[in-house]
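Okay, got some structures for you below.
Each of the two complexes below includes subunit A, the first together with subunit B, the second together with subunit C.
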Partner chain A sequence: MVFSGLTFLFLFLPVTLILYYIVPFRFKNAVLMVMSLIFYAWGEPIYVLLMIYSIVMNYAVGLMMDRESDHKKSILVFGIVLNLFILGFFKYFGFLVDNLNSLFGLNIHAKKLALPVGISFYTFQALSYIIDVYRGKVKSQKNIVNFATYITMFPQLIAGPIVRYGDICKEFDKRFITLYSFGRGALRFVFGLAKKVLLANLLGEMFEEIAAYGSGVSTVTAWLGAICYTLQIYFDFSGYSDMAIGLGRMMGFTICENFNYPYVSKTVTEFWRRWHMSLSGWFKEYVYIPLGGNRVSALKHVRNILIVWLLTGLWHGAAWNFVVWGLYYAALLLLEKYVTSKFKLPGWLTYIFTIVLVIIGWVIFSADSLGAAGVTVASMFGFAANGFVDKVGVYYLLTGGILIVIGVFFSMPVVGTIQKKLKKSMAGCTFLYIFAMALFVCCVIYLVTGNYNPFLYFRF
Partner chain B sequence: MKKIVAIEALLVALLVGVMFLLLSGANVRENVTAEEVEAASAQFVASETFSAKVGTELNAKRYMGLNVADYSAYVYYVATQGMDVHEFLWVDAGSEEGAEEVLAVMNERLTSQMEAFDEGYGPEQMALLEKACVFSMGRYAIYIVSEDSEAWKSAITDVLEE
Partner chain C sequence: MKSKNKKKKKNEVFYKVFGVTFGAVVLGLSVFTLAYPDSDYSSAEKRYLAQIPELNVDTLADGSFMAGLEDYEADQFPFRAAVMQMRAGLDETMGKAISQGVTRLDGDHLAEVFEEPSEQAISAVVNAVNAFSARYPDIDMYMLLAPNAISVYSDKVAGHVLTDDQNTYIDGIYRGVSGAVTTIDIREAFAANRGAVELYYGTDHHWTTDGAYLAFTYAAKPLGISASRKYVSGVVNNTFSGTLTSSSGFSVGKLDDVKVYLPAQELSYTVEWGDGLRASCYLTEALTGDDPYEVFFGGNHASMVIKCGAKTGRSLLMFKDSYANCFIPFLIGEYDSITVIDPRYYYEDLDMLVASSDFTDVLFLYNANTLSTDNALATVLNNEQ
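Showing the complex of A and B:
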């Protein structure tokens, strides 16, 4: 089930909210847990077993660490190994076998396993819990319903944000559910839905059409395709995060922000402080800093950056283009740290450099293979099969140019500033709610008539 | 310490059990024949609501864009009239990778059919196409457009599973 589906919008969500609001507070977590399991089982009836196991195992590990403080470390290691084994097996086993087969000419047959949706997200949440319990940052959760609610909470279950246990644990026992927070949450949800349905889907359709031309495109067409994907992935993922944050708020939870207008960044470092903040924060807290962060020798710092970005790439998927994408960012961050930071360049120039590098990054990320990514990047920089501009490029410029301009506008902070100003007055709020209702109607019309509705981050 | 080891052993055993359940379920048979698929499909083909005939290699090439002669076995039923969308194709592609390729072709067929009957041009056909089941299981790829798509899929799945 996806948030931008009619089943979710007109069946699952209303039923869940009604049940959630009519039961007394002490049963709200249980209602949320049961509905979240139904939400997950809707698309993953078999893999819900794996999730239930993950809940039981991590709950037990947390309790054991609390009670057996002398053996905390070995229990933590046990928990980490089991979590990583599950993630590794279901996500990377096929990739590993394929590479072993091609490297050594073997013929190992591995059963193709469907990737359990959201496994990377909920495993990282579980890991943050057991590590924080080990560090003494949080107490272990004694109530298994509360813990299961943390792991399964449907708003952020399958595409994040990755909520750290310490950020949300108090809300399992006490949270404020008001009409005001419900309204603000609903507003956020609808804006997220509109980002996904009205922008990401349309940009995605354009990108798919351009991608279908393969390598036989012009420089202009290659750029158009890359820009479409750059905007699509932002509106798709940030739209989903907005919906998750909005749904959480409607139920009294404060889910962390995940995006902060990443495409205005003037450095790659800044970009990663603004893009998928919950993931970069997770890696910083649980991998980068434990390795020594940047308070080590330059050589060790390079090692730390390489490890973190190799893992970040692999987290996104079991394919070589994700590995290269991760290492590409490692190289850029190291270049920034040790070379380009020494030069003082004008802001507009660093902005252009950054956005071009980010767009190239998305080409690597979205390509079917490294070869295809190389061809697209070459096309973007003048080595195109169809010259500088072709009919396809002109067609998409004329028909999709406006959509790209709208996309660029809505990816800028000015949108947030306008919203904030409007929220300050009664008339502004009324306008926002009417605007949201109109957007919701437009989304429903699109969903009833349109076919293209994928979520890019579901496969991670 | 013994208590911890016992709980950890229990958790490992539980994981083994869960993985066994997940991995042992729904293994796909390697030697399914066209006759078995035809037998499982008989009641759906005979249904009054399914207006299709046995499709030839040429039909499959023309409508589905697939050279079925390249595959070891196939079963194909194609609509009797041009404005009809009833269709069934089962292909033994020989490998999971092959089945994925055939599946991509089948998805293209479904998309092009939907585009042909979209925007109110063929509401009945669109309703049928929206019920379509297009999927792969192991080395087999299946395309079903019928009033009984779900039931037909279930019957075929029963044949393909061990």
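Showing the complex of A and C:
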């Protein structure tokens, strides 16, 4: 199930919340776990068994590391290998076979498995748990209901944020569920829903329409398409995170922030401190730092960056354009670290460089193939089949211009500042209240009538 | 310290009030959606609405129950028609100019945008017509390709709307068909009368009966028939909301009138379609139904035969789309018999039909939008069933 659907809003959510609030505290985790399993099974009626297996396995690994402290390391290795094997088998096996076939001219038939939704998210959560238990950072969870609640918790189950066990484990035993936090969570949820339904879906529809023109575009059209996708993926992804954080808050949980206005970054390094923070944080904690981080020789540092970004790319999907996208960022980060940081450039210039590089990154990310990405980038920089501007470009500029301007505005930190200011006065609060309710009504209108409502993370 | 507390308090009240409202709205809408009676059919959208999906192990395992439930929730949402209108209004406010291939001419008129077909598609039609006319050199052939509102009122289309030039397309077809086929070009007549006559429905993709009559008066001469018959025209339905509004969701200021022209002097004929023989080409039941345009012959049929004791010595075979439905009544009485084929639904042997009949005339009557996306005409003419 996804949040941005009528079944979720008007069936699953009210039933879940009512059950959750009426049962005594000691049953709340169980209610959340059961409802989360239903939530997952709604979209993946078969793969829910795989998730249950993963829960039991990681729960056992955590307990065994406590009991068999002499064999702690081998148990951890066993746990990591098993987790990665499941992830690898379901996510990368087909890709691997395809590449082996084309590389060696083989003809291995591999049945293409559908990727279980959210597997990358919950596997990473489970890994963070067993590694942190091994490191002694957290105690192992004795109560399987609590552990299952951690893995399955529906707000962040299918599209993140990747919550680390240590950040949330205390709340399984004690958390505050108040009307105040419910209201805060609801507001956050509504804003997230609006980002997804009113901005991301509409921008995505425009991107798809433009993408259908393939290589027969003008420079203006190519830029419009790239900008649409850039905004779409931000509002889609950060909207999901907002909804997750909001839903968590409504139930008394504190789910970590995941986005911090990434499109105002002045360097690529800064961009990755602001974009999908829970994923970059995860890689930093469990891959980059264990490899030595940047406190090693330059050569090893280059190696570490390459490994982390190769993995980051692959995490987003089993395809070459994700690999190239990851390595593209590795190259940019290294360039920033070893070359461009030596020059002092004005802020506005580095801002433009960064946002253009990020947009090119999204072109690579969103393209069907590397060739198609190359054609789009070439079109953006003057080598377009239909010249600088054509009828299609003008059409989308005039019919989608308002949406893009609104999108750019809402991706800026000034939105947060305005919101804070509004909350300081009665009039501001009233405005915010009316605005949020109007957004919710608009979301419902678009969900009832809308036809374009994709789930972008099925490859993650 | 005091002011900080006060601020926190204001905040707290705000969040609490918002929380209560949100909870009430979600719960209220959930209950209301469940309690709201389901309907089978949406006349605004002209389609059947999703019903509660069947719940069993199979539909659960393959996820079709879940997908079906989402469709059900959307289709059976309370006041769906009003919600659809709000959606289209929001879209238009945001700058959307084309919805499902429909754009706006003005407050009361919508029009389908035109997409120029490929050259292969054009030559497929042209070649089929030419081959057919070459096969039957003794039959007089005519073609009337009606322009659509988008080209007759092209000046009313917003400059940036993506639509191709229909004139180029019509010219291309007319140039391509052989000299044995007389082309009837009504575009000038339409351009001259576009201010005085409501040529097209504002909410539907068809031409009006007035538009069809104008086309008929202009076509009569090249067809070699008389246009002197007197008609009495009248509005038979004034709440017509056609396919353009239902598919685009765009709202218009007023609904359309459907007119019929009845001969001043009664004309006796029979019409045969499906399994019935009728004495009228009008189906009055359709006027109370969802698509009053079906008052003309009850809509499209694979074939129809209209017999009239006119003793003109002429017998017409017509290949047509739905534009012809309100045009054909003007032809009754000008031919002894009129055989009407809608190639989209026709699966018989055409050559056998021609061989067993004594057609003197053939008329191809299409509107440009339909012909540009059609491949049934070529299939039927080539007898490829």
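Definition applied: the second predicted complex is superposed on the first by the 455 of 460 C-alpha atoms of A that agree within 3 Å, B and C clash if a C-alpha of one lies under 4 Å from a C-alpha of the other, contacts with A are read in each partner's own complex, and residues count from 1 in each chain.
Criterion: contacts are C-beta pairs under 8 Å (C-beta built on N, C-alpha and C of every residue); 3 or more make two chains touch, one makes a residue touch a chain.
The structure displayed is predicted, hence computed values, not measured ones.
Asker: Does the subunit A-based superposition show subunit B and subunit C clashing or fitting?
Answerer: These partners clash in the superposed model.
Asker: Given the touch rule stated above, what does A:C429 touch, subunit B (first), subunit C (second), both, or neither?
Answerer: A:C429 sits against subunit C, while subunit B stays out of touch.
Asker: Please indicate which partner A:M57 is in contact with in the superposed arrangement: first for subunit B, second for subunit C, both, or neither.
Answerer: Only subunit B; A:M57 stays clear of subunit C.
Asker: Should A:I86 be classified as contacting the first partner (subunit B), the second (subunit C), both, or neither?
Answerer: In the superposition, A:I86 touches subunit B alone.
Asker: Contact-wise, after the overlay, does A:I46 reach subunit B, subunit C, both or neither (first, second, both, neither)?
Answerer: Both subunit B and subunit C are touched by A:I46.
Asker: For subunit A, which side has the bigger count of touched residues, subunit B or subunit C?
Answerer: On the superposition, C touches more of the residues of subunit A.
Asker: Of the two partner chains, subunit B (first) and subunit C (second), which one does A:I22 touch, if any: first, second, both, or neither?
Answerer: neither
Asker: When the two structures are overlaid on chain A, which partner does A:I352 contact: first (subunit B), second (subunit C), both, or neither?
Answerer: After superposition on chain A, A:I352 lies in contact with neither partner.
Asker: Just subunit B (first), just subunit C (second), both, or neither: which does A:A438 touch?
Answerer: A:A438: touches no partner chain.
Asker: Kindly classify A:V190 by the partners it touches after superposition: subunit B alone (first), subunit C alone (second), both, or neither?
Answerer: second
Asker: Mind working out whether A:I289 is in touch with subunit B, subunit C, both or neither, as first, second, both or neither?
Answerer: The answer is neither, since A:I289 touches no partner chain.
Asker: Which of 81-89, 117-125 or 135-143 in subunit B clashes with subunit C after superposition?
Answerer: Clashing stretch of subunit B against subunit C: 117-125.
Asker: Identify the overlap between the subunit B-contacting and the subunit C-contacting residues of subunit A.
Answerer: Touching subunit B and subunit C on subunit A: residues 46.
Asker: What does subunit A use to touch subunit C in their complex?
Answerer: Residue list for subunit A touching subunit C: 1, 5-7, 9-11, 13-14, 17, 42-43, 45-46, 179-180, 182-187, 189-190, 202, 391-392, 394-395, 398-403, 423-426, 429, 432-433, 436-437, 440, 442, 444-450.
Asker: Enumerate the contact residues on subunit A facing subunit B in the complex.
Answerer: 46-47, 49-50, 53, 56-57, 60-61, 64, 68, 71, 74-75, 78, 82, 85-86, 89, 111-113, 451
Asker: Give every residue of subunit B touching subunit A within the complex, in rising order.
Answerer: Residue list for subunit B touching subunit A: 1, 3-4, 7-8, 11-12, 14-15, 18-19, 21-23, 25, 96, 111, 114.
Asker: Can you check the complex and tell me which residues of subunit C touch subunit A?
Answerer: 7, 10-23, 25-27, 29-30, 33, 60-63, 66, 69-70, 73-74, 77, 80, 83-84, 86-87, 90, 94-98, 160-162, 249
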